[in-house]
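Look for chain A in each of the two complexes below; its partner is chain B in the first and chain C in the second.
Up next, the complex of A and B:
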């Protein structure tokens, strides 16, 4: 019993170390956005100048909005389409099902560098060209398999007898789906949606190859800025994004239990 | 009754189509057609756009085999992927275990959220924020020299370890997430049963917990290995001059040199290698699962 307690204590301590590793650079980045030195020099001198100058940077603000819009649209489309496909794959037996499931693999398995450059060539060839539409097309395709995998994993824990029972009690297909199946797989749907948002919002590689000047996302804009020389302005915009997304995430967590809790 | 029977019958592709078609059409337009176009393109001498002259050639692939620089860089990228994946397992798996089996209730939820949250921050900025930690005169350097009685110079910036640290930091949440999902699905009574039948902690870990959580480990490893092999932004920023990998060469073909056909051929060779490795791993993983 005593050993158990010591091991559990060590485990907790380990989690603290991991969190330190994950957050140290992020906290540092946030701190530097309030530091007066443009070269990140210490001693620390408080300022909010970098945030003020952010509002003058129209390019960065436009790119931020593009990123948010694309992430939201990607989440909506891929969560709906992905959950539908998961249900179909779960419920129906047909020839070629294994093949369809295998087809989900390439978008995950192929490095984004390859997918991104392939999209660039294809979209260029068919006349869609580069820009926000191309980026959205790409992001949804990248997010879809993640949603299907996560929702399907959740469906594996679902007892098909529940659907049978509901049906034998007179519920039609729509009612069965909406009132029996969907509530059960909701944690998976939410987790899939969060995945989709993260895939899109964090996506740099595919956006990078598909963007044009004026039609970019935040990561692409930041990459360009880094190559010109990193400025505390970038720290400032990143800090805002992190605070907003954390608030969003915590809000989501208030309403749904996700992470596969039974 | 007839209506119910029709719904109840779940054979054949037709009833599944309306639910399946939207997702798969999207994947076709945005993934499969582009990949086919790229395959086609890798055998061309020039862009077939804007009325340029072009013909079919094997020259782009010949370039890979005749110049050892490409294969050397490919091996370096594969090694990078392997090292980062191993570090993510070593760091992420114990954390997932503690999350799933030690922490309970609210603190588990809160910490799970904290581990996943960095996903939502920008990957690029996370990579660059390490520059501030790692560079000479950066935070790590200053902090260590304040504590240690002797003077040391920490200048990891623009080195191979810097690239590893940045990539592990970026991808370890994947491993924690996938392992956590499989670990928390393991019934505690299985572990208790093993213990009460006389198995040591270590035996329970190796014979019960790890085999049962194998799907999560594998999924996490695949989610990490693949993007790392194709990474180019992280080595560019943290590796500096030592950060030339296979991915950065492909990027150059598309954004700097504008030799798209060569880029397409190099991409396809990378694709083949990744698929071979995943295919080799698949049976092992299936048996493990």
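Up next, the complex of A and C:
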């Protein structure tokens, strides 16, 4: 029927519009990172000069490595601590457990601006001050609730009889955890880890509060560079980050899907 | 192999007494059924024997060794769970191998033992499958193989056949009994199904509200129940209540019922009599009271349920409904509404102290 065809056409047009809205700025930026003109001028002239000069920009490179290192360490610490916390909350009943669980959610909702300010004041108060260590501690604190929420959700699908069965067969607590429980919650642990990495690697607000001129992360460095005056090197580094972030997100989606399976 | 002794075990959860001074001697190599309604404490008792939970007081011994404070992983027991609890991330063979592998036994020895256990439960060829690729009956067998491969001292079964359908359950009852005989392991079996308890076990312990009501061989409990609860929970029974006369009871309407088995109750005290429905004869004539000391009651048939090999008659008398089961011998069946005479021997009547 004609009306159906028109509706179908409208639907397709809507999706194209939506995708364009989401991806056009990004594609444009990625394209401009390969354009010779620093002022977005056309016609398009292919070049990789900006990537080459990015390679020369020691400050940006140093910040990138800082970001990667902090993100990896944050992921390791928060995934291990968060998974252990989830297991403890799952296995044991203790006084104040409900209260503790309730306390895990607000940090996700509190604006990072406020968390950042609070951390800055606190770290000065206890003598840690600003710098990479402060940034790392801040990121771990931000990432932990995400890991606990994701791993706990996975644990909800775990049958406690499995741990009892393993114990009845002579397995000690360590063997039960490593051979029965951990394999089951692994998709949740990996998804939680990817979340932690994203929270740390994309973090600007808290990092901005806690960084010093020499000790900074990539998002903060990009912001500083833009304030000084725009250079297409920013396009180049942003394109790299987008590619890496999207790959990570696709991985997360894959593990979440796996987590949903029986 | 070893027997299990439970002596004066009590366990409370808050104000709820889940087990109240329970003592049972589980014989070495025997098949023992713990029977009771839900909430009777049978699963709690099994968990105390397994070591998942410790008693507040009392003693538990496996093979003469006190274990009431030994955690489950050190008790050398085998357990089969109601929902099988197979490890979903492992193959059938790895599931069965788990108990040997956590003990650090050599790989080659494990493989041999696993194959032997799988052969015993007739799943020799399915070692490579994952649990979700198996049927309910097959999962049950894997759970059993996994529990016995470590050569435990005692095998604990928590309503293991509950999740299976009727036909498969009967098959598994026979199978389970065969395997238990073959390896001669002391087995404790929790069930709420009286038929399962009767057909499978050497001894039955009936639990109610955390207390042991009666225990002994199935025939003994069935023929000589010591309480109305035991009489009605294991099998069907007609219960009469009245005053003891020394050789039976006298009902409130003056009828006497003679009983020659069961407890001895001093005359005048409150007492009950229990009669199994299949021990009662039903007839239309009044003349059958012949056998001098037989108990005789008149009534009328209010309902008949035909079940093929037998019929159950519901007979009304003096505000009480009695159940009579008659084998299908080809004799004429009685119609609903028909007046009848019931008679049975005092030997079939069990006197129970109130």
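What we mean here is this: the second predicted complex is superposed on the first by the 217 of 262 C-alpha atoms of A that agree within 3 Å, B and C clash if a C-alpha of one lies under 4 Å from a C-alpha of the other, contacts with A are read in each partner's own complex, and residues count from 1 in each chain.
What we mean here is this: a residue touches a chain if its C-beta (ideal position, glycine included) is under 8 Å from a C-beta of that chain, and two chains touch if they have at least 3 such contacts.
Computed from a predicted structure; not experimentally measured.
Visitor: Which partner chains sit in contact with A:175 here, chain B, chain C, both or neither? Use first/second/both/neither.
Guide: So A:175 only meets chain C here.
Visitor: In the overlay, answer first, second, both or neither for which of chain B and chain C A:223 touches.
Guide: A:223: touches chain B, not chain C.
Visitor: Output check: A:167 vs chain B and chain C. Expected answer is one of first, second, both, neither. What do you get?
Guide: So A:167 meets both chain B and chain C here.
Visitor: Who does A:47 touch here: chain B (first), chain C (second), both, or neither?
Guide: In the superposed model, A:47 contacts neither chain B nor chain C.
Visitor: After lining up the shared chain so the two structures overlap, which partner does A:101 touch, if you call chain B first and chain C second: first, second, both or neither?
Guide: A:101 contacts neither chain B nor chain C.
Visitor: Regarding the shared-chain residue A:119, is it in contact with chain B (first), chain C (second), both, or neither?
Guide: In the superposition, A:119 contacts chain B only.
Visitor: Touching A:231, do we find chain B (first), chain C (second), both, or neither?
Guide: In the superposed model, A:231 contacts neither chain B nor chain C.
Visitor: Which touches a greater number of chain A residues, chain B or chain C?
Guide: The larger set of chain A residues in touch belongs to B.
Visitor: Mind working out whether A:137 is in touch with chain B, chain C, both or neither, as first, second, both or neither?
Guide: So A:137 only meets chain B here.
Visitor: So which bits of chain A does chain B touch that chain C touches too?
Guide: Correct list for chain A: 167, 172.
Visitor: Give every residue of chain A touching chain B within the complex, in rising order.
Guide: Interface residues on chain A, with respect to chain B: 7-8, 11-12, 14-15, 18-19, 21-26, 28-29, 32, 40, 42, 77, 81-82, 84-85, 87-89, 91-96, 100, 103-104, 106-115, 117-125, 137-138, 140-141, 144-145, 148, 153, 157, 167, 172-173, 194, 197-198, 201-202, 204-205, 208-209, 218-219, 222-223, 226, 230, 234-235, 238, 241-242, 245-246, 248-250, 253, 257, 259-261.
Visitor: Which stretch or stretches of chain B touch chain A in the complex?
Guide: Touching chain A: residues 3-4, 7-8, 10-13, 15-17, 19-20, 22-24, 26-27, 29-35, 37-38, 41, 48-49, 91, 94-95, 97-99, 102-103, 109, 111-126, 128-133, 139, 142, 169, 172-173, 176, 180-181, 184-185, 201, 222-223, 226-227, 229-233, 237, 247, 250-251, 254-255, 260, 263-264, 267-268, 270-271, 274-275, 278 of chain B.
Visitor: Taking the complex as given, what residues does chain C use to touch chain A?
Guide: Interface residues on the chain C side: 50, 52, 71-74, 76-79, 81, 83, 85-89, 98-99, 102-103, 132, 146-147, 150.
Visitor: Within the complex, which stretch of chain A touches chain C?
Guide: Interface residues on the chain A side: 159, 161-162, 164-172, 175, 179-180, 183-184, 262.
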